[in-house]
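After this come two complexes, each holding chain A, first together with chain B and then together with chain C.
Up next is the complex of A and B:
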């Protein structure tokens, strides 16, 4: 078999083994590569930093298990920054009814416990909501109605002290923080809530979605946005608590190098094949 | 009337929502809020209907031993094993939480993770500089990959800047063009639905 053919036809099993090794080795032996902070991440951090104590951040954590490793660390880092500044978090989700509410709980609760914040007093999980657009629109003037007056476990909102002063997005929410992997996501929040109610919208997207949000960051409709696990890692650097986002960065680095290496090998094989065909 | 009634409901509801966006007479915004509430309530019932219909379908699959009928058992078990625990303990109870954390999340993550392997394999097989357009696409992809991973800036500190420029300038321009085209299409389709010219959603053909 000529060399170019061998370069073009690397066994898929070898490719898969390379990917597994690229993911595993950095997890066992982290390289600790420095992570620079992008302008978009800094904008998100600065927006939250600019809020006065007691302000409310409305979180919409719209992800499923597939993108959770990218987006959950964003929420954890946000909780850390918000609780340090004594901000309040009202969280909900529209994307995944089974996993979404649990992701919110798993991402915020440990930080809240660590920082001495109480459920119902400093943060609340409203759980999954149906009919995203209609619920969002309703919440502009009637947040309780949109939440069907209960939190994710079915307890009445009237039982939670923080909710006494949070009745509507229009009057009581300072910033909307949306983590998005598709629809419903940032598009719905931007069109139906952020623009009509004049509320700043920020958050983060999975890396596959990140190219789609760029135009809205540029136009100012999104006040910065975190991009994938890299964005989460950058945010963790800013809140000075490296977590799961930073831990995944070395794997991502080696993974990307493997992909680039394979692309180069494939192209060398392709041009060698082309040259051989011309010589014939 | 069976055909006309849905069209009338769609026309009137659509018109009210559109007018409320521009005018504030006859208390239209309040009417839209009521319609939104109806929609939420109806979707809750639709969820229940979906569950009943899904159960019927899978029970029939099992009864008639259709192809892959064993998967229908898994689906029914997933629905009806989870439901009583949620009703008894609420979603934050120990059993529902355990089920989500140990069944739903690992399965969802695993399925998505498999994509990673396919993407690497597909990139190796398909990213070839066969012509100028393919070469530009390939180089842009490589630059973005280097810009998004810390290893890129360890190799050269300019990679994140180049990656940012690709994302914010050529990518934004392309995405805006695509979006404007898509939104014009959505608007035109919406008008056709409101006017009853597009009727495929009624199940009676276009």
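Up next is the complex of A and C:
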């Protein structure tokens, strides 16, 4: 078999093993590659930083297990910044009824406990809500109604002190923080809430969406953006508490090198094959 | 069951799911069915307790909002599609749904797009702005299908627009690769850090 054929027919299982090893080794033996902070991440941080104490951040954490490693660290970093500034978090999700509410809990609760913040006073998990667009729209004027008057565990909102002053997005929410993997996402929040109600929208998304949100950032409709695990790692740098986002960046960098290497090998094989065909 | 046992099970299930990368096998099948079953059951239970019960007990029974029964009944008509001869009834909730959705979307969406269109009216005083402007114009030219593109500016606009789109797709592909690597890192972290405590 000629060399170009061998390059073009590498067993995909070898590729999987190479990629997994490339990511596994830096996890076991971290290299501490530097993480620069992008302008978009800084915008998210600065927006939250600019809020006065007591302001409310409405979080919509719309991810499933697939993209949780990218988006959960963003929520943890947000909680750290928000609690340091004595901001309040009202979190919910529209994407995954089975996992979303638990992701919110797992991402915020440990930070709240560590920073002495109390569930129901400083933050609340409204859980999964049906019919994203209708619920969002309702919440502009009636946040309780959109939440069906209960938190994620089914307890009435009237039992939580912080909710006494949070009745609507229009009057009581300062910023909407959306973490998303698609739909519902920025399009829905922008169209039905942030633009009509005049509320700033920020957040992060899976890197699969990076190209698709650029126009929102350029037009100023999205105030900053955290792009995938990289964005989470940058945000963790800004809140000065490296977490799961930062921990994965060495692996990510080496993984990229492997992918780039494989693309180059594939292209060399392709051009060698083309040349051989011409010579025949 | 302790939390640690749950983590071990999660790690084992991750490896069983990944076994598909080698080839289709019973371990992968078991994981797939287990996941779908669990998610469905949890979702039904969660929706029932956190969405349906509060409406029925609070809004309808306690607050006397009996008018809510009307949209509920209209919504239930969707299941008429399973009854021979009554299928036409299922189109009523669909008509409400599509009519409301389309009308609502048309009312609000233009306001969002307009900002992005205005954003493309920029001063051509930097290289970035010039590239941005050219790509917007030529990409739009690429999608004009009512004019022949065999010669003249349309040909070159179409050609340049195609390259602009290809660069955008390349960028999207790179982002997607990065995202999928993040997902593997997340699961590896779960196995090594959370379940086995092999790394910090």
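What we mean here is this: the second predicted complex is superposed on the first by the 280 of 280 C-alpha atoms of A that agree within 3 Å, B and C clash if a C-alpha of one lies under 4 Å from a C-alpha of the other, contacts with A are read in each partner's own complex, and residues count from 1 in each chain.
Note that in this section a contact is a pair of C-beta atoms (placed from the backbone, for glycine too) under 8 Å apart; a residue touches a chain by one contact, two chains touch by 3 or more.
As the structure is a prediction and not an experimental result, all values here were calculated from the model.
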Partner chain in contact with A:68 - chain B first, chain C second, else both or neither: both
First, second, both or neither for A:211, with chain B first and chain C second: both
First (chain B), second (chain C), both or neither touched by A:259: both
Touched partner set for A:24, first chain B, second chain C, both or neither: second
Which of chain B and chain C A:34 touches, first, second, both or neither: first
A:138 touches, of chain B and chain C: first, second, both or neither? first
Which superposed partner A:10 touches (first chain B, second chain C, both, neither): first
Partner chain(s) touched by A:248 [first = chain B, second = chain C, both, neither]: second
First (chain B), second (chain C), both or neither touched by A:127: both
Shared chain A contacts, counted only where both chain B and chain C touch the same residue: 16, 19, 66-69, 98-99, 101, 127, 130, 152, 154, 207, 210-212, 215, 218, 227-228, 230, 252, 255-256, 259
Complex contact set, residues of chain C against chain A: 21-22, 38-39, 42-43, 46-47, 49-51, 53-55, 58, 101, 104-105, 108-109, 111-112, 115-116, 118-119, 168, 171-172, 175-179, 181-189, 192-193, 198-199
Chain B residues touching chain A - in the complex, by the definition given at the top: 32-33, 36-37, 39-40, 43-44, 47, 90-92, 97, 100-101, 104-109, 111-113, 115-117, 120-121, 123-125, 127-130, 138, 141-142, 145-146, 148-154, 157, 160, 164, 167-168, 171-172, 175-176, 179
Chain B-facing residues of chain A, complex: 10, 12, 15-16, 18-19, 33-36, 38-39, 64-69, 98-99, 101-102, 105-106, 127, 130-131, 134-135, 137-138, 141-142, 145, 152-154, 207, 210-212, 214-215, 217-218, 227-228, 230, 249-250, 252-260, 262-263, 265-267, 270-271
Touching residues on chain A, where the partner in the complex is chain C: 13, 16, 19-20, 23-24, 27-28, 66-70, 97-99, 101, 127-130, 133, 148-150, 152, 154, 187, 190-192, 195-196, 206-212, 215-216, 218-221, 227-230, 244, 247-248, 251-252, 255-256, 259
